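Two complexes are shown next, each including chain A; its partner changes from chain B in the first to chain C in the second.
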Partner chain A sequence: MTDREIVERADAAIAEEFELDPGSLRPEALFREDLGLDSLDAVDMVVVLEQAFGIKIGKDPAIASIRNVGDMHEFILAKKRGLEKNAS
Partner chain B sequence: MKRVVITGMGAVSPFGRGTDVLFASLRKGLSGISRIAPPHDGRDASGPCPEERTGVTVKAGRGEIGPGKMSGQRQRPLVAGLVPDIGIGALPRTLRRSMSPMSAYAYLAALEAVEQAGITPDKLKGGRTGIALGSTLGSPEALESFFRLYLAAGDTSGVKSMLFFRSMSHTAAVNTAQALDVTGRVIAPCAACSSGCQAIGLAYETIAFGRQDYMLCGGTDEFHPLVTGTFDLMNAASSAYNEHPEQTPRPFDAGRDGVVCSEGAALLFLESAESAVHRQAAILAEILGFATMHAGGSIAEPSPGPIAACMRAALEDAGVAAGDVAYINAHATGTELGDIAESRAIADVFGPNIPVSSLKGHLGHTLAASGALESAACIAMLREKTVLPTRNLEEVDERCAGILLPQNPVAVQGGLVVKNSFALGGINCSLVLRSWND
Partner chain C sequence: MDSSPSAHNDGKESSGGVPRPPTDVFLHNAVHLSACLGVAPRPPGAVFLTAVFFGGLFLWTALYLPLAVPVWLLLTRAGGVSSANAVRRLVHCYGRVCCKLLARLTPVTVENLAGALPAPCIIAANHQSFFDPYCIGFFPVPYPVFVVRAWPFRIPLYGRIMRRAGYLNIESMDAESFLRKAADILHRDKAMLVVFPEGTRSADGKPGRFRSGAFRLAVDRNIPVVPLCIKGTGNVFPKGSRFGRPAPVRVTLLPPLYPERFACYGESARLHLRRSVKHAIREALQERPHC
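Showing the complex of A and B:
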């Protein structure tokens, strides 16, 4: 899975779950201020990403630093890379 | 003690959204009951959450109770009164995400009641408006979703945050309060099929004692096999009319075979008579009295004595005599034992000459919503001075004899109505309503 495919899958899952216009998911878009998500949505975002990629994220402390869509992309890309590295 | 009046009503029922369609359908004698899907839809316990009906997807076969095969000598019930698509998906996601269908129904009914009452949003959020709103339990669908995920995974890792907010027992009350920005007292009586009636009674007392200026009150419920299946276990769910859903339930009829579970919501807007007159609101009816009592004895089997005691207590609270009552809106769900017990209690308290009917023949049993939906219908009947007969009542069961069970609409002169609701667990409730100008 390429990085681009990972980002597209993550965006599609987030857009569907939170009923967002996919076009609004620009990397600089802030989840709270720009997209209207709150702390409960942030909790659910973890489950959505877990289900989209079939991975376990759990209570990863790095989640707390996700502020915008770009942060989310970086987070999920790092997670996937880490899993692939461990698998090899 | 303040006099308490009703200045707004809202409803969601198997006939759709709004009191207009509810009252029009009842007047036409329509049935809200339909056949529901028999086959198990094969939801996979290892998959994602089943879509909740407030979400994007409305599941086909949502009403299924289990294979509709003969089970011993009794067929499984395949009839229900389901709310049609009323556009819940159009509600804002931030409100809808914590709402199961019962909360969405209640919110939409509350909006209608508030609009009819002519109350502005600032009055709702000033701390002087409260809500009393009950349901049989929190959303069974949400609980089902939680346990599917939990049991499949062995932990809560796949559970989204909103399932709990949909399944807690005060979910409808708090969701409605949040959506309307109501900041006064929020009470969530949880008394199964008496919840709606009890909520109205608690709100009536709240206004009467001046604890709040305004109260939204009523009941709501959503269809789930948990409740119908439980009635079925007790041989109290209708199944003999699966091929003719409109012919069941049949309160007081010799051919009745049990409850038909339905869903919906109704909310009433209460305030003091002084308040309503001061702000020149149209007064729909007055609440004169209320009683709720436990039956003692069996947790499920109805008994005439406690029902009669509850009705007498409500009349005493209202300060009226049994002979003053023009109409009794029965709880009568179409069960063997319940209809007999209520008939005998009514005969004991009121004698044979006061018209009695049940609206379950039209609506089915809307459970926690029934007390409120049927109270709203009583108010419409009071205003029209005509009481409606029991749909599907063709041949009165002789064990229900001794009370007046009209089979056609009846003109009534007086403006006093008794509304009964009874619940599994032995919670009985009676309200006394009166048209405003009598």
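Showing the complex of A and C:
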């Protein structure tokens, strides 16, 4: 899966879960201020990303530093790269 | 024709021969003045309802607490009821009286279209006012377990009772812990989980975005969801207002939705169940626009 496909899949999953317009998921869009998500949604976001990519995020401390959509893309890409490195 | 000063005035001359503006001009001026002063106009009966309701609530709480302790002891020691279930039962009785108090002050209609509730089940309600959790008292829900945000646990006494009742602090656990703890409570205690999937009160009465946690639990553990439509409590106790006001309230328990109906959607079953619950509540809100 290319980076672009990963980003698209993450955006589609987040848009569906949080009833967001996919067009609003710009990399600079802040989850709290621009998209109206809050601490309750953070729990759902972890589950959605885990389901979308078949990965385990759990209580990864890096999740707390996600502020905008771009951070989320970086996080998920780093996770996938980490998994691929471990597999090889 | 009644010519007394208190009679309805439609803009004609008063008994003294001086023309008076119509009543709604006075009302308009009062509203305008209130707006200039930054004070919301209070409808008739607002002060009475607020004083009687909160006074009654305070009295009832002060009376109930000393009564509740011996009843809790009786239920747990002689009745064989678990400690948490005894607290839940006592909280439900407390809520029933609060509901009766509200029904004395404003017109309340209660409908149960769900029939006998399945146990365990998840009751998912829309959220309009602080009174909504009490609305469970309108229905036979013996062991309600509320899913609550972190801040109510910090309220003195209430927080302690909520911990005793085993209510779930959704902000203190991850998704897996929530699923495990909620499923344990539901199956062990034959309890009913009460959730407000919006997570906060709606400012305009329309249901906001629903969170998925409760629906994920329903699909994972095959637990039916009973939608609860609460209409009008937001008008009685508006968000951000210190005063209540009389307004019609309608509380409707809607037919349960069973997760197996949504199994065909696979991983997105929870989203379809969530949409169906929200749709059922929205439909019930739109019916009978004047309660």
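The rule is simple: the second predicted complex is superposed on the first by the 88 of 88 C-alpha atoms of A that agree within 3 Å, B and C clash if a C-alpha of one lies under 4 Å from a C-alpha of the other, contacts with A are read in each partner's own complex, and residues count from 1 in each chain.
The rule we apply is simple: a residue touches a chain if its C-beta (ideal position, glycine included) is under 8 Å from a C-beta of that chain, and two chains touch if they have at least 3 such contacts.
Only a predicted model underlies this, so the values are computations on that prediction, with no experimental measurement involved.
After superposition onto chain A, the modelled positions of chain B and chain C overlap sterically.
Shared-chain residue A:E19: touches chain B and chain C both.
In the superposition on chain A, contact is made by A:K56 with chain B only, not with chain C.
More residues of chain A are touched by C (comparison of chain B with chain C).
Judged by the document's definition of touching, chain A residues 16, 18-19, 36, 40, 43-44, 47, 51, 58 lie at the interface with chain B and also at the interface with chain C. Residues 16, 18-19, 36, 40, 43-44, 47, 50-51, 56, 58 of chain A are the ones that touch chain B when the two sit in their complex.
Looking at the complex, you find that chain A touches chain C at residues 16-19, 36, 38-41, 43-44, 46-47, 51, 58-59.
The touching residues of chain B, counted against chain A in their complex, run 48, 56, 93-94, 97, 157-162.
Contact residues of chain C toward chain A in the complex are 149, 170-171, 174-176, 178, 199, 209, 211-213, 216, 267-268, 271.
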